[in-house]
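Common to both upcoming complexes is subunit A, partnered first by subunit B, then by subunit C.
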Partner chain A sequence: MSMRASVSDLPIVLEEVSFASGGVTILDHISLAFATRAPAVLIGPNGAGKTTLLRLLMGLIAPVRGRVTWGGREDVEPTHRAIVFQRPVMLRRSAAGNIRYALAAAGVPRGERADRADELCALVGLNGLGRRPARKLSGGEQQRLALARALAKEPQILLLDEPTASLDPAATKAIEDVIRSIAARGIKVVMSTHDLGEARRLAGEIVLMHRGRLIENGSADTFFADPRTEEARRFIRGELLV
Partner chain B sequence: MPTRRSLFVLAATVALVAAGPVGAQDKSIVVASTTSTQDSGLFGHILPLFKAKTGITVKVVAQGTGQALNTARRGDADVVFVHAREAEEKFIAGGFGVKRYSVMYNDFIIIGPKDDPASIKGSRNVVFALKAIKAKGAPFISRGDNSGTHIAELKLWKDAGIDIKKEAGPWYKSIGQGMGATLNVAAASGAYAMSDRGTWISFKNKADLVIAVDGDKRLFNQYGVILVNPAKHPHVKKELGQQFIDWLISDEGQKAIADYKVNGEQLFWPQRE
Partner chain C sequence: MPTGFSALQLVLTADPALIAIVRLSLIVSLSAVLLAALIGVPFGAFLALVRFPGREAVIVVLNALMGLPPVVVGLLIYLLLSRAGPLGSWGLLFTPQAMIVAQTVLCAPIMAALTRQTVEDLWTEYRDELNAMDVGPFGRIATLIWDGRFSLVTALLAGFGRAAAEVGAVLIVGGNIDGFTRVMTTAIALETSKGDLPLAIGLGLVLIGIVVAVNAAAWGLRRAGERFAG
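Let's look at the complex of A and B:
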C-alpha cells in the first residue's frame, strides 16, 4: 500500500460531547480520546449510543454540545477516515467492481485500480470472487467486501458498526481475522459489538456505554479482569442493564 | 390634587430609589484564571463564600495561563489568578499588574500507564523520570497549549537538560488541548503526561493510568493573584478587585481554600506570603 498522508486525524478527542435528536439525548457529556493503539471496542446494550458515537467520530453528525477534534483540529474533512455500517449497501456490480468504484472515489488513477482491487480482495480473503456479483455474495463475504471498499481510501481510522452481527461463527472468525490484519497495519480500528466474546478477542481498549453515557473505559485486560464500576461488573456477568 | 410637577418629582424619586446607589447593580468583577483551576471546582467552592461576605459577584474567564494574562493585558479582566510565576512577574514588569500576591499552591504529578515502560513509578525525582521517558522513547502527551501546566512542563524538560522542541521524537505528542483532553489522550495511548493533582483526582476516565511520580519540590505549582493595573486600564474595578485579593489572603479566604476537598482529598494548600 502507498504511504498515507502525513497529517494525522489522531488522536480523536471528544470533550464533553452531547448529541440529541428529536428531543432525546443520545450521547450525554462524553469525554474520551482515541489514539494510535490496538482496536477500541464500544460495548453496551441496545440504545447505548454506540452507533451515534461512531457516526460522530466519522464526522457525519456534529455534537449539540462540546467538541470533537481530529489530530487537534475541528471540522476536518473525513478524508482519512472510513466507516462500515452494519448492513453495507452493495452496488450492482461485481465484487471487484465495487472496490474499483471505491478506488475511483478515493482518487486512485484508473490504471492502478485493477491491481489495487486485487490486492484488497486478497487482503480481505475474497480471492477468486472478484467477478461474482456483489449482491450474490454471502453475508460474511459482503461484509468483507465492505471492508475492502473502506480500505480503498487508505484510512488512518476505520470505524465499524457491528461488523459481525448476524454472521455465523465461521464468517465471524473470517471478519475478525481481517480486522486483526487491518489493525496490524497501523490503522486505528474503532468498532462496536454486542458480543462480549468478540470484544475479548479483538479489543485493546474497551469503552462501555449505557444510555448515552460513558460508564467505563480502559485496557481490555483490566476491564475484564477488574472492572471499576458496578455497571461494568453486571454487564460482564451478562446481566441486563436497564 | 397632585400637580404635574409633583408627579414628575415622585416618578423620578421612585426611579432613583429603585435603582439604588450608583454602581450597586454592577458589584461584580472579572477574574481571568486558568482552565485547570476552574475545572478543579475550587471557584465553585470559594466564590459563593466571597459573595456572601461582600456581595461581589466574581465572573471567571478560564483559559490557559498565557491566554489569561493576555486577557488581563487587554484590560478585559480586573484581576488575574494564575500559576506561572515567571510569566506573572513579566506581566507586572510590563506595567499590566499592580502587585503579585501568593495565594496557594498545589502540585503537578506525572501520570503514566501502570505497566510503566520507562520504569519511573514511585520516583520522587521528576528530572530523572523525564530523562528516563525520553531515553526509552515512552509515549508522552503534552498539553502544548501555553497553559501554566504546559509552561511548567517545558521548564522541567529544561531542568532535565533536554531541549524538548529539538529533541522530541514520535514519542512526544503535543496536542494543544486542555487538561481533561490531554488525560484522555494519555489514557487512550497508554502514555505519560503531566497533570495538576486536582484535575487528576476529578478525572473519571483514568483507565490504566496511575500516578508515576510526585512529591518532587520542582512539581509544586504556586498560584498568584494580581490586580490589573488601573493606570493602564482606567475602567478596572480596582476597589472591588482588591477586595477579592484581600479576601483570598485573609484567614477566612485561606481557610476556604484549605477546606475545599474532592473525594475527601485536599487539592490546594494556602500560601500567603
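Let's look at the complex of A and C:
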C-alpha cells in the first residue's frame, strides 16, 4: 500500500500563532516547526492547548493571529493530513463500512475499496472484525478503526489527539504498536498525550505546552536528559503544573 | 345482531366494500408519506446544515406548519384544483391524486421539521469527523440522513399517523365518492352520520390495526437495524 503523495505538507510552520474562543486565549504566540518525520508528541496538563493546536495543524480552525504554513503554503486543503480525535465518532455502519466510507471520501474508486479496507483492517489489527457494527467495538478497537479510517486518505501527516486516553494497558500497547508501524512507513505522526511514559516510548520530538504557551520543544532524548526550563524539569519529575 | 359483532364479521369476512376502502386509504396515505418524505427529509437536512439569511424564520414557520389544520389545506388545494383555479385544467379535483397532494402538503412539514432536528443533533456529533474527511455538502446530507435513519423512522411514522388519521382535507378535495375517493376516515364519518355503525366500527378497527401494525413493524425494523448496524 502506498503511503506517499507527491506534494509535501511538511514542514508545518507556526509563526506567532494565537487562538482565542469566547474571549479566552487558548494558544498564545506559538512559534514552532514540524520538519522531520520523527513522531512528535505534545505533552502538557489539561487546558495546555494541545487539542486546539492539533485542530489548527489539521486546518479545522484558523488562528486569530499569526500564520500556519504547510510545505511553505497557506490555506492548503487537508488532502495530505488526517486526524483522529480523542473520542472518534463511529459512523453507523460496519467497521469495514467505516473504512470504505473514508476511502470514498478520499476519492478511491469503488472497485478498489473492499481490498483497501481489508488491508487497512489488517494494518491496525482488526482482521475478522470488518463486519462488526463499528459502535459495538471496544474502545481500543474503535481507536484502531479510527486510525484505519484516517489512513484511508494516505496522509503524509497524521494527527492523534490522546489516542490511548482511558484505554487499558493491552489496548494502549496495541495502539502504540500501530503508531510505530505508521511512523515506520514515513508518515509524520503528531500526537498529544498526558502520559509521560508513552511520550518516552514514542516521541522523536517533544513539545511541552502549558496554559496555551510553548514551554519547550526539541528532540525527545535531549528533552528528557537535559530539560532547559524549570516547568519541563517539574513536569518530568511528575509534579503538577498548575 | 349486536353492532360490535356485525363490525367484527365485516372485518373477518373481508367484506369487499370494506376492503376497497382500506385499499384506497393505504394507497393514498402511503403515497403521500412517500412523496412527503422525498420532499421533507432532504429539505429538513438542508435546513439543518446550511446557514442562510432568514433560516431561523423558516424554521419557525416550518414548526408552525406541523399544526396546519387539514380543512384549511383541503380548502387551499380545492381552490388550486377547482375548475376556476390555476391548476383546474389538470382535472384532479375529486380524484385520489388530489387526496395524495393534500396529504403530502400536511405530512411534508412534519417530516421536514423532525428531520431538521434529528440531522442538526447528529451534525454536532459528526461535524469534526466529516470536516476532517473533507466530505462535501451533498455527502454530509446523505451521510447524516443515512446515519440518522433509525431516528428518521419516527418522522415517517409521524407523517403516516397524520395521513392515516386525517379526514378534513381528503373530504374536501376527494369528495368522498363511493368506490372512487372514499377512504376509511371519510367513510367512518359518513357511516356514523347515516347510522350504519357496524361498517363505521369495522373501519375504525382496521384503521387502528393498521396504525398499530405499521408502528410495530417500524419499531421492529429499528431494533433490528440498530442491532446489526450499531
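One rule holds for everything that comes next: the second predicted complex is superposed on the first by the 239 of 242 C-alpha atoms of A that agree within 3 Å, B and C clash if a C-alpha of one lies under 4 Å from a C-alpha of the other, contacts with A are read in each partner's own complex, and residues count from 1 in each chain.
Keep in mind that, in the parts below, a contact is a pair of C-beta atoms (placed from the backbone, for glycine too) under 8 Å apart; a residue touches a chain by one contact, two chains touch by 3 or more.
The structure presented is a predicted model; accordingly, all values stated were derived computationally and were not measured.
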For this session: Label the relationship between subunit B and subunit C on subunit A in the superposed model as either fit or clash.
Result: fit
Exercise. Is A:Arg65 in contact with subunit B, with subunit C, with both, or with neither (first, second, both, neither)?
Worked result: neither
Exercise. Which partner does A:Phe34 contact after superposing on A: first (subunit B), second (subunit C), both, neither?
Worked result: first
For this session: Examine A:Arg185 and indicate which partner it touches, taking first as subunit B and second as subunit C; both and neither are also allowed.
Result: neither
Problem set entry | Superposed model, angle subtended at subunit A by subunit C and subunit B (C-alpha, nearest 10 degrees) | 120
Problem set entry | subunit B versus subunit C as contact partner of A:Gly218, first or second or both or neither | first
Problem set entry | subunit A residues touched - subunit C or subunit B, whichever exceeds | C
For this session: Examine A:Ala134 and indicate which partner it touches, taking first as subunit B and second as subunit C; both and neither are also allowed.
Result: second
Problem set entry | Which superposed partner A:Arg233 touches (first subunit B, second subunit C, both, neither) | neither
For this session: Name the contact category of A:Pro78: first (subunit B only), second (subunit C only), both, or neither.
Result: second
Seminar exercise, completed: Min C-alpha distance, subunit B to subunit C, superposed, in Å, is 25
Exercise. If you lay the two complexes on top of each other, which residues of subunit A touch subunit B in one and subunit C in the other?
Worked result: none
Exercise. So in the complex, which bits of subunit A are touching subunit C?
Worked result: 58, 60, 77-79, 82-83, 85, 88-94, 101-102, 105-106, 133-136, 149-150, 153
Seminar exercise, completed: Per the touch rule above, subunit C residues touching subunit A in the complex are 125-126, 128-129, 131-135, 139, 143, 146-147, 149-150, 227-230
Problem set entry | Complex contacts: residues of subunit A adjacent to subunit B | 11, 13-15, 31-37, 40, 69, 72, 205, 214, 217-219, 222
For this session: Please name which positions on subunit B make contact with subunit A in the complex.
Result: 173, 175-178, 180-181, 184-185, 187-191, 204-208
